[in-house]
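My questions will all concern the structure given below.
As written, the chain order gives the labels A, B and C, with residue 1 at the start of each chain.
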Amino acid sequence: MLSRSALSLALTASLTLSAAGATAADLVIAGRDGIYGQALEATVARYKDTHPDMDIELLKLPYGSLYEKLVISLREKSGAYDLVLLDDTWATEFMGNGWLANLEEQGKITGDFIGATLDISRYPVAQGPAYSLPIVGNVAMFAYNQALFDQYGLSKPANWDAVKVAAKTISAKNPDTSGVVFRGQKGNPIVTGFLPLFWAHGGVIVDDSGQPQVNSTQGVQALESFLELKQYAPKGIEVYNSTEVRDAIQQRKAAIAIEVWPSWAPSMDDPSQSKVVQEMQVMAAPGQVNGSSPMLGVWQMGVTADAKHDKAARDFLDYLTSAENQKTLALELGLPPTRRSVYTDKDVVAKYRWYPNQLEALEHGKARPRIKQWNEVESILGDYLQLAMIGQMDARTALDQANRKIDRALKR
Amino acid sequence: MLFRSRLQLLLLMSPATLLLAMLTLYPISQILINAFSYVDYVGAERQFVGLDNFVELSEDWFFAGAIKNSLSFSVLASLLQVGLGLALAVLFDRQFAGRRFALPVIIYPMMLSTLVCSAIWRAWYHYDFGFLNNALLSLGLEPVQWLFDPDMALFSVMLVDIWQWTPMAFLIILAGLQSIPADIKDAALTDGARGWRRFRHITLPLIMPQVLLALLLRSIDTFKLFDKVYALTGGGPGNSTETLSLFIYKQGFKFFNLGLASAAALLMLTIACALSAVYAWRYVGAKS
Amino acid sequence: MSAIKQTSVPVFSDSVAAPFSGVSRLSARTLGFYLALGAALTFFALPIVWMAGIAFTPSGEYVSDSLSLLPAHPTLAHFEALWRDGFPGRLANTLIVAVGATLLALSLGFLASYALVRFRFPRRLDHAFLLLVLVIKMMPPIVVAIPLFQLLKGLGLLDSKLGLILVYQVYTLPFCIWMLLSFVRDVPLSLEQAASLEGAGLLRRLWHIVLPLCGPGLAATFIFTLIMAWNEFLFALLYLSTPSHFTLPLYVSNFITENETFWGQLMGIGLLSSLPMLLMAGYVQRYLLRGFAMQMK
């Protein structure tokens, strides 16, 4: 008997408790997990030193979840967030829909933001006013193991043909190490893994008139090179994502990584996690037909158009993007800055030997196409790249079919 | 007479009915409308397009693959889970030392967050560092391409689902076994029926409702398979583990093509109904 | 409920029930039984043991070619980090939401399934209801998520625990109704008829006869529903917006990032967040295993 009255009591109690109202915060920030979350958290903590009475709520979500949540919340005008962190590929959609506030109503953005990173904060791109500020100067880099290259008499690869030769040599001569590693998982990972090659070979996803062109001769050649590289990659590359790529590099199971993000680099030199301390060279990806075109993956932050705490949001954003804070975040966490002065700062360069290369890559950085349907285009391309990779289709067929489907998605 | 009062019936049924109606009438109507519309969710536009969405789906090679994968996964996984669960339940129907500690161990996997569960198995399936391949190598066997052999991947995902959800079938059937009144069991014993014959002719018919229930619930859940493929393979390699839920997720939540997603969901519901009709009918029918 | 009381109930087991079979056959059977049990326990427990091992393993040690399940240098660092990072608050949120959703679904579902089993419905509405409810359970959550968002927004229940408890009923309530059906059906009609002759009304019969006799079914249903609500991710992700209201599954997802998986903390949180359910299930199993229903009479 006792247990049944306990049950009814518990039901009443939990329903009552659950109805308790929400506390209102002074600023609500929607951000990412991982290093981005840590950086925001550290910034919030420092900001609170000067604003001790402020109650700041910080949301940390995985990539996909943040996108879903933001689109639905902003579209349904729930007014839940003041500041939102966004990937640069979402920018066209968010800004085009009027979900973000114009940051240049009161005057031009000043400061030494690297041109290529601030351009994609503008809508229309590079021309209109800024609707966000660049927070994380992410750019896809390329890394190779200098010690292994020296051992087999290889030199810094000048183009993708040289990368193929190096990968082949190392795979053939060293049974424990694969020549190359990249993210081969379906969807976003395989596409970002492939784009540096695709662009270097002269491939174009969507041309200036808005037509998809992934199946051009250059595109097919790029995919064929990619498939050739796969022969020198570890088994199971088809399901590799960042975690596996980093493990492979840090455990010296692979010699070259096509795609390395700046925030991965510090752990390569951390003896507690890595067997390749000081062995990796990090540089901009090589060119082929075209020069090197490093892919930008800039994280931006904008103030929402329906922000309840607009003024506080703008003030926090200024603090977050200040050179001083960027320097601290770079030194503490290895978060890549977006201001030129931080890249040339003595302390920062002393700590991260590849920063001059990273600055150069950012300045020549190339953004992914500025289209609203990028998610769908990327997913389609990812599906067919993988079909080619597991040998169900040849490069030409895969890209032809991808192109047809992308065309349909763009016309929707 | 007992059980004739309309008032009592109303009182018993209305809380659940009203709550479900409040929660689902609007969503269901939205699915039905969207399935026949072009929906620009973000731009808040909707346009009736007839059967266009279904035509587009029928031409989509990935969608066809998703139906095939979901169906074969559902049928095979639910049968295996219920078969194993039944065997386990029979084991646990007898008294043995430590039963109260063994039971929580067996049902523990289903309490794990799916994210954690998938992460464990993703680590175990790793070709180079994974626990399973390490074990195989130490036995002098060849490592297995758990997740990236297109013919193998769906079965690897299935193994994880079997690991996590066989306990559910087990628990349902065990609850059934434990509700068999003791006098019926005693009667069976005095009749001298034992072993396989007793199981086949006395026990199994008595727990048939629970076996059917387990089949029904497991086939619905396995047909909706999403989290595990999302975390383990992302639907790959190629389209070998693409499921209907994954397809709908991408259309609905990554591209926000709500029309296409709703049409796919409608087709999915139709297939799920057909799939479960067999069990559901016998189960509901048992009343009359 | 003590083990001694349980054994006083007739036991349905071969080793006891077959006193006349030969000794060798008996021991072979017992051996087979323990082999099967051992195999099952290994299969289900080994990944868990591995998970627990990683939870105590320092970061950086986990990638290895060895088969050892236990850390070389055990550490509590991951648990300390989780505790500092607001684990207790998330646990409290999850407890309230999951227990609330479970009890609500269980009570409404129990009433409905009782009516569906016992009462005569006009025009077979009972079958229609059951099938409709099943269809609801089959709906992929993704397509109902957006309309439900709009519904919750209209009710002013976004970002609240009550809102989450309500939307969980879309899946937990159909589940409870279907689960309890067969167990209610197993309650002998004669008991209720006898009680009714002695003047017991509907509520008294429900409370004193049907509820206790459905013990095993209710216990199993409780465990499943709790698990469903405890680990639900999508609705919690979309309908909660303030981090201090978050439930554990949202928190778990923080440790699998695009760039890196934080194995130690992930496995630590896996262990911690499942323990409360394990405790509850361990408590509830007394109703599940034979003995309880007999004691209630």
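Brief remarks follow.
Everything that follows uses one rule, which is that a contact is a pair of C-beta atoms (placed from the backbone, for glycine too) under 8 Å apart; a residue touches a chain by one contact, two chains touch by 3 or more.
From a predicted model like this one, the values you see are computed outputs, not experimental measurements.
Listed by label, the chains that touch chain B and also chain C are A. Of the two chain pairs examined here, A-C and A-B, the one linked by more C-beta pairs in contact is A-C.
Centroid distances built from C-alpha atoms place C farthest away from chain A.
The distance from the centre of chain B to the centre of chain C, each centre being the mean of the chain's C-alpha atoms, comes to 15 Å. Annotation: 38 Å between the Cα-based centres of chain A and chain C. Rounded to a whole number, the gap between the C-alpha centres of chain A and chain B is 35 angstrom.
Residue positions of chain C with contacts to 2 or more other chains are 63, 145-146, 150, 253, 256, 261. Each of residues 68, 247, 251 in chain A touches at least two other chains. Among all residues of chain B, those that touch two or more other chains are 41, 129, 253. On the chain A side of its complex with chain C, the touching residues are 4, 7, 10-11, 14-15, 17-23, 25, 28, 30, 32-35, 37, 57-63, 65, 68-69, 72-73, 76, 78, 80-81, 241-243, 246-247, 251, 261, 263-264, 272-273. Listing the residues of chain A that touch chain B in their complex gives 64, 67-68, 71, 75, 93, 97, 185-187, 189, 234-239, 244, 247-248, 251, 253, 373, 375-376, 379, 383, 386-387, 389-390, 392, 408-409, 412. Partner chain A is touched in their complex by these residues of chain B: 38, 41-44, 56, 62, 126-129, 145, 147-148, 150, 232-239, 250, 253-257. Taken together, the chain C residues at the contact with chain A in this complex read 59-60, 63, 96-97, 99-100, 103-104, 107, 145-146, 149-150, 153, 158-162, 164-165, 207, 211, 237-238, 241-245, 250, 253-254, 256-261. Chain B makes touch with chain C in their complex at residues 2-5, 8-9, 12-13, 15-17, 19-20, 23-24, 26-28, 30-31, 41, 87-88, 91, 93-96, 99-100, 102-117, 119-121, 123-124, 129, 131, 134-135, 138, 163, 167-168, 171-172, 174-176, 178-179, 181-182, 185-186, 189, 194-195, 209-210, 213, 216-217, 220, 223-224, 226-227, 231, 244-245, 248-249, 252-253, 258, 261-262, 265, 268-269, 272-273, 276, 280, 283-284, 286-287.
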